[in-house]
Structure formats: C-alpha cells, structure tokens
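One chain, subunit A, appears in both complexes that follow, with subunit B as partner in the first and subunit C in the second.
Let's turn to the complex of A and B:
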C-alpha cells in the first residue's frame, strides 16, 4: 500500500505538470479576462483554476511537490552522510576528541531549524544546496546517535573479540561486523527521518526560507494560498492534501 | 484429560531450500500428564526445532507441517497464554533464558507475581545453588553458565506450567548438580508435570525419561579426518603461557598457588563445580573482560596486565571457542565463509581457503547443506563445531576452549576429541579446556586443574 502510494506521488511529481503546459509561470491572459477566470476553479483547461496572475494551480502544485521531494531527499542524503560520519567518530573516539564530537552533536541537536536557516541564508545565500545542507545538518543528529549505539554494541559483541583473537584485521572486522551494524542503524534512522525532514522543509517554505523563486515547494504554495483562503480555499487545501499524501507515502511501516 | 501434547506427522523445513531435506519430518508424539518423554538423536537432527516450532518459536524461514495440539488446542497460540495450561521453556543456551537488563528475581516475578521468594529459595537449595539469596538478586551476566541453567529451571517452575520443555538443560552442570536436577524434575513429574526433554546425556535420560523418541533417523556422515603424515619436530622445551593470578574471586587454585603455566603441546583441563570461575580464568587468558585479574605472559614476554586496552600482538597464536558456541560466530557470516576467513588470514588463496574450510567442516561432521547457513540457522551443536573449525583454521599455538562438547552427542564428541588430538600431533597445539565432562577429561588426557571454591566447602 505504502509502496503504491509512494509510486503514485513520484509519478505525480514527475509527469503531473505536463498535464497543462508544464510551465508554472506561464500566464493565461484569457483566464484572467474571462468572468469565470482566476481562482474560480475547474474552468476548461485549468484543473484547479489559476491564481490572480493567471498561473495554472495544478501545474504549480505538481512542481511544488517535485520541489519538496527534491529538497527532502537531498537533505536526507546529506543527513545520512554527515550522521554516519559523526556517529562513527562518536563510536570510535575516546577522551577529549571524543568529547568534542559528542558536544558538537549535542549543540547541533539544540539548534532550532528556523534560526539555523536564517543564519545560513543571511551568510551563504539561498538555493537548493544551502537549504538541503541546513535540513541535513539537523537531520544528522538522530542518524549519528543510532550509528553510535550500533557501533558500540557491535564493538562489545563476543564474536568480535574472538575474531580479533583469531587475527582478523581492521578491514575484515569493518566489512563483517561494523558495516552491517552501521548500515542497518543508518537505514532505520533515515526511514524515520524522511517525513520529519519533509515537515521541516514545509515550515521553511511557508516562511519563505526554502527554495527561492522561481523554485517552489509545497510550503511556499501554502503561504501563497493562505492569502486567498476566504474566496479560493482549494488554493490552500490542495497543497495541504499533497503534504498529507507525501507524509503518508514516506511513513515507515510498523 | 491425561493427554497434554500431541504431534501428528510433524515436520519443519526451511523456505528457499528446495532440494534440501527437511529439518524434521514425520514426528508423532503423545505426551500425557506426569510423563517425561525425551527426544534423542545426533547433533543437528532437529530436536530443538521439533520442540520449539509447534509453539510458534521459530526462525522466519521455517515452515511447519502436520498437526501439533496442546491441551486440545492448536499448540502455536500457547505462547500468547490464551489457555489456562501453561508451557514453560528451558532453552538450550543458558544465556537465552533471561533478559540481560533485569535481575533474575524480577524476571521470575514478572511471569508470576504470586510466587514467594521463600519458595524460590527452597527450589534453589534443592538444585544445589546455596540459598539463592545472592543469585536471585544478580543480573544474568554475573551468573555462570551452570547457575543460569539451574535458575532457568527455577524460573520455569515458578510459572506453574503443565508442560516443561527442557532443551539440553544439564549441559553446563557438573555431576552433583545434574543429579539434583534429575531429582527435582522426577519429583515434579510425580506431581503431574509433563516434561518434553532433549538431552545427549545418557545418565539424565536414564534418570528422568519414561521413554525416548528418536529424531532424525538419517545418519549424519562423518568425513575422515585429514591424515596428514607430517609430524611435529620435537617441541622446544619452554614455557608457552604463564598466568600470575592477582585476584581470582572466590576460587583458589589447588595447593593455594597463584600461578599456572602451560608448555607447548600440553593439555590442561580446568575442572571444578559450576560457578567457581572456570570461564573467568579462560577469559583472563584470552584478554576478554573477566572478573579475575592477573598477569598473562606469552613465551616469557608480559603481554597484558588486565585491564588492558587491547592485545593485538597475541592475535593468530590463539584460537578460542567461548562457552556458547554460537556467541563465537559472527551472525552475518555463513559457516563456510567464517571458517575459510581463518585460512585466508594465513595467506592461502580464496579457492584454497574454501577447499580447506570445507574439509575442516566435513571432518567435524557439519553436513554439507549447513555450510551456506548463518549461525542462527545452525543447531547449537553444529554452531559449536563450526566455532571450533574457525579456531582450528588459525592453526593456533594455543586453543582455549570453554565447554567445547557441551552440546555434542557421543559420536560428535569423540570426533571433536580426535580432531583436537590430531591438531596437537600436527601443529603442537596446546589445549586449555574448561569442562564438566569427566569423559572428555579422560579422553583428552593431560593434567587437570581442579578449581575449588575458597572457604569452607559446602556440605552436600
């Protein structure tokens, strides 16, 4: 069920915009002029109608979905990479350097997402990479913790001691003991993390801190639509439904 | 109402192994109240699987066929305790009977809050565990294998079961406590407890079992031992290993010595009552976390003062099999892979390593279909032999073995002994073995080191 839903959402993000034109900024002057035009929904060739600038809302919805998925997945990859590295360091390092890494991760965990995003935007500019990096840095914390615990458990396993006594080198132990444990822990943490990253991305988008124009995400569409809530509620309802579908599709099976 | 457990044409097979024979097939059983039936058969014949699978305790790849009924209902839902009649288990590896993060008594009272501590203590005394006041408050890792195995029986009886499933319940016990175990179970049977027993020990079978059901009539072939004619040149007459004990817990070496030595090619068998610290001594020698403290010297060079961060220098001169054979095996690696890794480390090619690993496994009587299986899919006896093969693959100068034959039937035990003595002749391997098994001590020859509890000896 979840797999089919995931496939559906991905297909929607990939080919949905082709439904009517495919350009989220193309202005339909005819729709603006007609009496049944902007924001009235379902007129002829615009499935969800257009906004007050005559831009097709269906196309924008699918493009926003695509933007959210791209940012979320990129942030997840970043979180997996950074989290595994930090977790491995936490699992291996002892003493002062180990303490430093531990504290760094704790500080990272304590940072609120919006503040960090504002700092990144004010210093490093906007765009896909800074947003993904910000979200990924925050998402790295649970991954790092899971990897650290898995690594500590693997290190204290009796069969590892026996393998060492039998002369297994570092690479053999890494291949047969550390890698499976770290891989499993990282995989589990990432599955739990993806929906959280998508929600955080939605928050940033709503505040206008996610992808800059002309890029769009579901968050920024929600922000746009919120101004028209009284006369065109579907302009908010459809991105909200898309967020709901996206979270349903990425939730982990129990 | 007398009939409690019934099997009709019970079979278990592994999914995804189309050609391989089933793990168990065609078992029939009628177990009445107050009766003790023993399943017997060689190691790897599926005794454990036959006991556990009908109650739903099986690996995800297993598939059960046939009928198993407990107290008139399908047996598999008994683990959810839907019925009034309960089943209690004493699992094969003592450690698996308890969760590691709770002390023993809280785990027992979790199952039955109405049980009183006096009653538990009385059972402990009957089983030869002093008065239990110390043991019951301990965590599982603080107890020895034999103590855990008896506590597992106490925990099982505390559930007031109608049926007790006991899988190799005396493997880690010495002769005295084994007899006490038999007495306790016998008396319970007279009060109406049904017992499904798996054991290799003929004395236990004779003392407890009303009848025996053979499992796995298919004979498991034993390959010939590789008869390498290369004999060792005479052994250098020096000292291989010296252990200077600084703190040996509550045990003492015979004669109050604080030091033991081992020459190359020598056998030393450590014996003593359960819980005296045989495993602790072995773990000290191996450099693993141990309650004992001391200094271990290898060929005259001080290698380690415990606690030490690591002892990589010692690698490849020692082979080790820990008490539960399975705990020495990497759960990710197949049997053949784990053993051939030892040959690889010694510089053999991949192909030659696989070939020699296959020879080694065949020599120890691990059947061919088990080679591509991971440890969780092997029987405990097979896993123990794979762990031994893995240790032998290193051609070590010293083999440290903790109860190496606890899960072996008589035929396989003889094969393990023959293989160890062959390694000794070929490579001059010294053996340091901890065991309860008097026959193993005799078969291995060599001096024994009886460990005694310090202080006044307990009256029996």
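Let's turn to the complex of A and C:
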C-alpha cells in the first residue's frame, strides 16, 4: 500500500502536468474571457479550472508537487552527506575537538530548524539550491547523531578484536562492519527526516520563501489559493490533498 | 538518634545542593544557547551573499551604501556582533529596518505574549483531544470508534498547520451559518480556528505518545493489583493508568514547543494574529535582520525554558506517580 501510494505520488509529479497541456504558465485566453477573469472549476480542457490569469490549476498542482519533492529530496541528500560526515567526525574525534563538535551539534539540535532556515533564506535569497542546502544543513543534526551512535557501537563491537587477530586491516573492517552500520543508521534517520523537511519546505513556500517564480511548490500554491477561498475553494483543497498524500507516503515509509 | 537525624539532614542538604547546582547550570545554559544560536544566525547572515537593502525598490548602489552606513552594516562583522550583543544586554535589541526608529524590544514585547497564549491554548486543546482518544483506543482497541479515532489521529500527523489553517477557514466559511461574516463573532471564531489549527498536530503527537505510555502502564506489574481492587473502570483508567503516564509525557513532549512556535508562523499569517510567528515571517520577507535575531532569542529562550520545565516535572511528578500507582 505504501509503495503504491509513493509510486502514485511520484507518477503524478512526473507525468501529471502532461495530462492537461504541460505548461503551468500558459495562459488560456478563452477560459479567461468566458468568466471575465474569475476562477471556474472543472471545464473540459482544464481538469481543475484556471486561475484569474487563465493558468491551468491541475498543471500547476502537479508542478508544485514536483517542486516540493525535488526540494525535499535534494535537502535530504545534503543532510545525509553532511550528517554522515559530522557523525563520523563525532564518532572518531576524542578530546577537546570531539567535545567541541558534540556541543555544537547539541546546540544546533536545540534550535527550531524552520526558524533558522527562515533567517538564512531571507537574507541569502530564495531558490532551489539555497533552500535545499539550508534545510539540508540544518536537518543534518539527527543524521549525525544516529551515525555517531552507530559508529560508536560498531567500533566497540567485541568481534572486531577477533577480526584483527585474524589479520583484518582497517579498510576491511570499515567495509564489512562500519559501513553497513553507518548506512543503516543514516537510512533510518533519513526516512524519519524526509517528512520533516517536506513540512519545513512547505511552510517556507507558504510564507513565500521557497522557490521563486517560475518555480512553485505546494506551499506556495496553498498560499496562492488562500486568497481565493470565497470563489475557488478547490484552489486550496487540491494542494492540501496533495500535501496530505505526500506526507502520508513519506510518513508511512518512515 | 541525634546522629541519625544529623546524617539524614546532611543527606538532604547534599541532595538539595546537587539539585540547585543542576538547576543553576540549566538556567545559565538558556542565555548561552540563545546567544550561540544568534551567533550562528549572525555568521550565516554574513556568509551568505545578499544584503537587507538589496531589494527591487533600491536599485541605486549609492543609496544602498548610505543605508548600510546608517545602520552600521558597513563595519566588520565582529564589530557588528559586539554592537548587537551590547544592545541585547541593554534590553533594546537594536532598531528595526522595517519599522523605522522602533526598538525591536517593543515589537517583541507586543508579539511574544500573543504567541505564548496561542501556543498554550493549542497545547491544552490538543491534549484535551488526544488524551480521551488514547484512553479509548488502548482500552478497547477492537471497537469501531477506537479504530476510527486511531486512523483520524494518525492522519492528523500528515496535516501541517499551513494546510489545516486555510482548510478550517474554508470549512467554516462554507457553512450556512457563516460566523466569520459577523463582525462581533468573527474575531472570536477566527481565534478559535487558529487555536484549533495549531492544536491538531499537537493532538496527533500527544495521542501517539500517550498510547505508548498507556500500553506500558497496563503492562506494568502494579496494574493487576489495581484491577483486583474492583474500582470503577473510569477511575482505573483515568486516575491510575493515565495519571502514571503524565510525568513521562511532559518529558517526551518538550520538543513540541519548537514545533508549536514554528507552526504558529503559518497560523498567525493566515489569521492575521500579531504574534511572534507573524512578526518573524514579516521580518523574513523584508530582510529585517534585527527583528529576526530578536525573535530568535525569544524562540530559543521559550524552547529551552519549556525543556527545563519538562525535565523538572518528571522528577517532581515521581512523588505524584507514587501516589497514582499505589502498588
């Protein structure tokens, strides 16, 4: 069920825009003329109608879903890379330097990620890479903690002494013992992190601080739709349903 | 006898001194962490390219330079940091870029209580939804209502505040009795909806943890002794099972404080409530860095204070737990 839902969301994001023209910025003048700029739902050419500029809402919804997934997955990749590196450093370093890295990560863990991201993105500028990198850097903390614990457990495993007696070198032990432990910990932490990153990105999009135009995410579509509640409720309801499906797919996998 | 009393007194004194040292360390950690968080923000703010005055309206570089000089942004970053730290210590937090000549402390003093009240009400409403649902689900897991409640609460985890806030507004606006149109009742209803929107994710998390704790409680060794007392079922579940969970729940739910303050940004934006989230979101859009840093201090202080309270409550509640679980 979870796999089918994930597949459905991915297919919707990948090929959904093709179903109704494919361009989220193409203006349908006929649709615009027929209602004098007002929103109208469910006519033949446009599955969810058009907005006040004559742009197809279905296409925009699928493109928004795609944007949210792309930002979320990129942020997750950043978090996995940075978190694994930090976690490995925390697991290996001892003494003052190890303590400093530990304290820095503890301080970072006490802070609300979205608020920090808001501060950085508001000055650094919006865009795919800044948003993904900021969210990834701030989301790396749980990954680093999980990797550190796994690495500490792996390095103190009793069978390593036997392996060393039998002549196993560092790289051999790293390959057969450390890497699987770190990989499993990183995978679990990333599965738990992905929904949080998607929610953080959605909130940033809702506040107008995620992808700039022409990019769009579900958060920005929700913010757009919130201004049309009285005459086009589906402009809010459909992105809301898409956020729900996306989070359901990622949370149930977690 | 006198020797025993003296030994007991000295043990109590030792325990209290350990407690007070721990409490002092934790209290001292709050401003330190808030300062560290702001230092991090400050560094990130200086490292990332961009300027608060690099807007579409200000295209003239000379004007931008003049503005930067007027706000002291042309100085080295460490000078700016010390300047800002001095302003924080004096309690003013500097001046806002967006609201000219208005100290950030005034803005924060207006916004902080609104967010605190909103968060507190959301916590109360969320717990009021979650605790009875958790008791119902753990008490009779096969009942239809329990299955429905379980599904509902799990699905609430997938409805963040930036989704629930406009949806609730939509639902209330589309009912035949549109209370939002009434100027007198409208503001009350909107505030109620804001609290409800913020409380839904809280309810989902509290529900999950309560279910876990309740299952642990009914699996504990003292539960058969309670069951053997022939007490009314309601009393067994509410007083003993749920009562024994509360201290642990406060500890596990402390991280929710950060989520509540983050979620408040969307809720306060949708319902136009003049809280910390609304202020922060507005400052982020206008690149008002002093306000953002000031708001960051407030957020971090609140989160750390809640975490300290959550750490204290289980220890204080151990006595209560002893009463609640008599076996």
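As a convention for this text, the second predicted complex is superposed on the first by the 236 of 254 C-alpha atoms of A that agree within 3 Å, B and C clash if a C-alpha of one lies under 4 Å from a C-alpha of the other, contacts with A are read in each partner's own complex, and residues count from 1 in each chain.
One rule holds in what follows: a contact is a pair of C-beta atoms (placed from the backbone, for glycine too) under 8 Å apart; a residue touches a chain by one contact, two chains touch by 3 or more.
Just so you know, these numbers come straight off a predicted model, no measurement behind them.
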More subunit A residues in contact [subunit B versus subunit C]: C
First (subunit B), second (subunit C), both or neither touched by A:118: second
Which superposed partner A:161 touches (first subunit B, second subunit C, both, neither): first
Touching partner for A:177 - first (subunit B), second (subunit C), both, neither: first
Touching residues on subunit A, where the partner in the complex is subunit C: 107-108, 110-116, 118-125, 130, 199, 202-203, 206-209, 219, 222, 225-226, 229-230, 233, 236-237, 240, 243-244, 247-248, 251
Sites on subunit B touched by subunit A in the complex: 286-288, 310, 312, 314-316, 318-322, 327-333, 341-342, 345, 387, 390-391, 393-394, 396
Residues of subunit A touching subunit B in the complex: 158-169, 172, 176-177, 180
Parts of subunit C lying in touch with subunit A, wherever the complex brings them together: 33, 36-37, 40-41, 44-45, 48-52, 155, 157-163, 166-167, 169-170, 173-174, 258-259, 261-262, 265-266, 269-270, 280-281, 283-285, 287, 289, 292-293, 295-296, 299-300, 303-304, 307
